[in-house]
Amino acid sequence: MQLDCFKTLVDQYKVIFFDAFGVLKTHNSLIPGIENTFAYLRETGKDFYVLTNDASRSPEQLAESYVRLGIHDVVPSCIISSGMLAREYLDLKVPHGTVAYLGTANSAHYLETPTLKTLPISQLDLNAISEVNALVFMDDEGFDWNTDLTKTVNLLRKRNIPVIVANTDKTYPVSQHQIAIAIGAVAKMVEDIVGKQFIRFGKPDAQMFIFAYEHIKNYPTISKRDILMVGDTLHTDILGGNKFGLDTALVLTGNTQPEDAEMKIRSTGIIPTYICESAVVQ
Amino acid sequence: MQLDCFKTLVDQYKVIFFDAFGVLKTHNSLIPGIENTFAYLRETGKDFYVLTNDASRSPEQLAESYVRLGIHDVVPSCIISSGMLAREYLDLKVPHGTVAYLGTANSAHYLETPTLKTLPISQLDLNAISEVNALVFMDDEGFDWNTDLTKTVNLLRKRNIPVIVANTDKTYPVSQHQIAIAIGAVAKMVEDIVGKQFIRFGKPDAQMFIFAYEHIKNYPTISKRDILMVGDTLHTDILGGNKFGLDTALVLTGNTQPEDAEMKIRSTGIIPTYICESAVVQ
Amino acid sequence: MQLDCFKTLVDQYKVIFFDAFGVLKTHNSLIPGIENTFAYLRETGKDFYVLTNDASRSPEQLAESYVRLGIHDVVPSCIISSGMLAREYLDLKVPHGTVAYLGTANSAHYLETPTLKTLPISQLDLNAISEVNALVFMDDEGFDWNTDLTKTVNLLRKRNIPVIVANTDKTYPVSQHQIAIAIGAVAKMVEDIVGKQFIRFGKPDAQMFIFAYEHIKNYPTISKRDILMVGDTLHTDILGGNKFGLDTALVLTGNTQPEDAEMKIRSTGIIPTYICESAVVQ
Amino acid sequence: MQLDCFKTLVDQYKVIFFDAFGVLKTHNSLIPGIENTFAYLRETGKDFYVLTNDASRSPEQLAESYVRLGIHDVVPSCIISSGMLAREYLDLKVPHGTVAYLGTANSAHYLETPTLKTLPISQLDLNAISEVNALVFMDDEGFDWNTDLTKTVNLLRKRNIPVIVANTDKTYPVSQHQIAIAIGAVAKMVEDIVGKQFIRFGKPDAQMFIFAYEHIKNYPTISKRDILMVGDTLHTDILGGNKFGLDTALVLTGNTQPEDAEMKIRSTGIIPTYICESAVVQ
């Protein structure tokens, strides 16, 4: 397996799309040296966007988490999260009534519109559901799984409403050796039980990439050939980037370990354009 | 849709296999008139067995629940539960060590053998798992889903051990209008997350029927032609009975409503030999 | 079930997206009266696009098929087919070499670029595959399933290359009472066998809709609120339109029969904004 | 990875269950040295059975294929094939009429009963299907995939009949470096298209093992503890043997290569009791 130099790659593209976890940061710190990458992007005047399946916090809150780690380049306007797509959906398709949700109060900020009321499932009264016009799976925290998931199943048996999943991931890392179940896996269980089709937002889905593509400000007529997608996960970052027509770089600092990379690429058939040790410019 | 008379059917077979929920009883009471069926079986000297995917309680406890409702015919020896298959598996395949489980203390009785220690996941220390040689999903109660399911995922990432699912149902009724998520759906979510193959016991799997077939005492050389499987669910009772080579009767007192029966049979391709209003002998 | 008047709907939107089969035409004729719809669109100056999962022929050939039926409004530039997305993918992601394909010579026109050679699987020599850089499933005709599908499986075991599916449908109608297996179902079988991840283009995928959205010429700044998606199939037309944020109208002249519509909407959870008897303006 | 000595294993069990392909023979020859194993079994008076998902030929024809390779120990009565289970199903559940099938004339021998007529799909007239009471997928040869599979789909849309799959394998080896698509994969495609539930026979299903278990002649009261299942495939031989409660030995002469064995066991969670280089007694 031949590794490519990340700095050389950056030089070849006008805009870089980054995944967050496993590429820029880990569960509670930065990828060592990643500050050099931001400095190099600034210096060379390259645009970049962070595409994340994390809908637990708003772009403002996500940007703050980088500031706390010493990075001031990741401003809210360069963060594209799956929660923003959920919000656009509600804005276009659910004109009024109540949106029930599973997640924290922070995650519910995505759902607030002037005409929609938000309601955590825990506060839902199953005898007063005639105003509930949508359900959104936002985050794995903020509710009791034993009681609120069964409540969710019963809601969906009684009301035929759109169900949105704002994070399609199955798990996320919580420490170096442990993972936690993400809301995407929980939503899949409920979908299997009720037998209905949920609407998913997040990588590898094309809509995530379209959303980012349309946000590129400095290059209004940019070609897909000028964008590089950088990620640590074959099934989301690389598959989604490839399908959207972008060149893709797999980095080995997150979900894909150096010793497994070749085997995983061969067994999944998901082939990155490049493989780099990390997204660190040295 | 022509309905068959259940009494006439009973007369044609030597042994009857019954599903429990939706056939003999509902969430907290008997199917009205079912006592007549037991009286008729007694009178005509027919053998019967109850095949249930309920591993939450032992056959003795399940039998008691019928006694409390006034039925004394359902003795422990005529109850075949998926928990008994889980126990046989452990007995044959897991000679020693600890079996971790998700479920109530009642359900854990199935797992106790002279040489195996049982341990609820809630009490498991993830730093001391070298003796954990199997994991069993028994029941949806008795543990905290938020914390113990994530613990389960981390256990299965560290220990490559057999995982047994002792109840394959996705949901069960808790009142006339509400259902709850059963442990089968929860196990499926964990299986999808860890990407490993779990071992499932319960209808429609052939092993459940083999187990019952081998327990038929009074007719040591009985033919499958002399057994009728009676159930309310196409995907478990009828599919499993058909595949095992038994004649099958669908009753309309549980999961399959009279107005949906024909459509469901047509759309699933699961075809019962007979359809009866209920399993009540009139 | 209350039906909406299609003419009234057209009046409310600036641009209409139509599915083809079951909405505008059947297997070999027009939906009776659909010429009125085209006349009304012309008269009122509305833009429309035809979004089809049919990659068997080029937009020019597809447009000719309407001309033969007496419709001159469906010009090539208003046809968006999944084959065009396959072509864009190859153009962006497969710079040189050979593209092997399953389909007719007509369907292969999509794949031709100045730098890529196309090769039907039937002519592939499994001992000379080093130049084969992509495989595309285009159409169910033009190859021998017994021999060429096995050849395809062996190619994919030896070469780790991107595989594109240019039509995700499972079946298509060939006469009033018979259907045929579409290439989407065949591709799914091969994907299951080789265990790799294929890249699919076609409704309900967002990329099909963004492709059409970007082709809207007369309204460069049109809002999604001004577009109506019209289709006969819940899982492709309606699900895809909804997810992309469009209002959707289900018509009952194709895959969804009037007597099944309500039940299908309830059981799938895919909810059209409107239901119309047909797309005919009366 | 520590390897176990196959001879030592044989000494510990009374009865051995063997898979055929990849354990006893390859596509056109014996596993080198396997004649020693048969000699040792004869010498020590051990019973053995061959459990195969191959329904393309009768046990008599399968036994002849061993004779041609110089092995006279594999007599018809020790061969258990999935075709025998399909036949038992028809015998018990389909009393009269016509059984349509996909496969060769050889494979149809399994289906013949005094009261059932067999009919290859190629000869089926879709306008005269009222007597067709079952459909069986037997073998990948003997029919034209392009036309007969579409015919099969249309038959199943018109007749709601039981569908039996007599070989659940997805592929089989045809030479050292090439595989072919098996009828199990084809049946799965048709099942996905028509949305109905097919009935599958063959490993890893318990019914295959109980069929063999009930055929053990010399030890009428044998315990499952005295039987060893030997196979080369984790998902069929080892999973099925484990679930039935047998000890299992994985051999590395077929589907599981020595360099992949540990990784596959870890990633699937299917854990053989033993791992042996081969089933050859040395």
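Going in written order, the chains are labelled A, B, C and D, and every chain counts its residues from 1.
Everything below uses one rule, namely that a contact is a pair of C-beta atoms (placed from the backbone, for glycine too) under 8 Å apart; a residue touches a chain by one contact, two chains touch by 3 or more.
If you want to know which protein each chain is, UniProt gives these names: A, B, C, D = HAD superfamily hydrolase (TIGR01450 family).
Note that the coordinates shown come from a computational prediction; the quantities given were computed from them, not determined experimentally.
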Original post:
What chain lies farthest away from subunit B once each centre is taken as the mean of the Cα atoms?
Top reply: C
**OP:** Could you please state the distance in Å, as a whole number, between where the Cα atoms of subunit A are centred and where those of subunit C are centred?
**Re:** 28
Subject >> Inter-centroid spacing, subunit D versus subunit A (mean Cα positions, whole Å) >> reply: 45
Original post:
What is the distance in Å between the mean C-alpha positions of subunit A and subunit B?
Top reply: 40
Original post:
Considering subunit D alone, which of its residues make contact with at least two other chains?
Top reply: none
**OP:** Treating touching as the only link between chains, describe the layout with one word: line, ring, star, complete or other.
**Re:** ring
Original post:
Can you name the residues of subunit B that touch subunit A in the complex?
Top reply: 126, 144-146, 149-150, 153-154, 157, 170-171, 178-181, 185-186, 188-189, 192-193
Original post:
What does subunit B use to touch subunit D in their complex?
Top reply: 88-89, 92-93, 156, 160-163, 194-199, 205-207, 210, 224-225, 235, 239, 242-246, 265-271
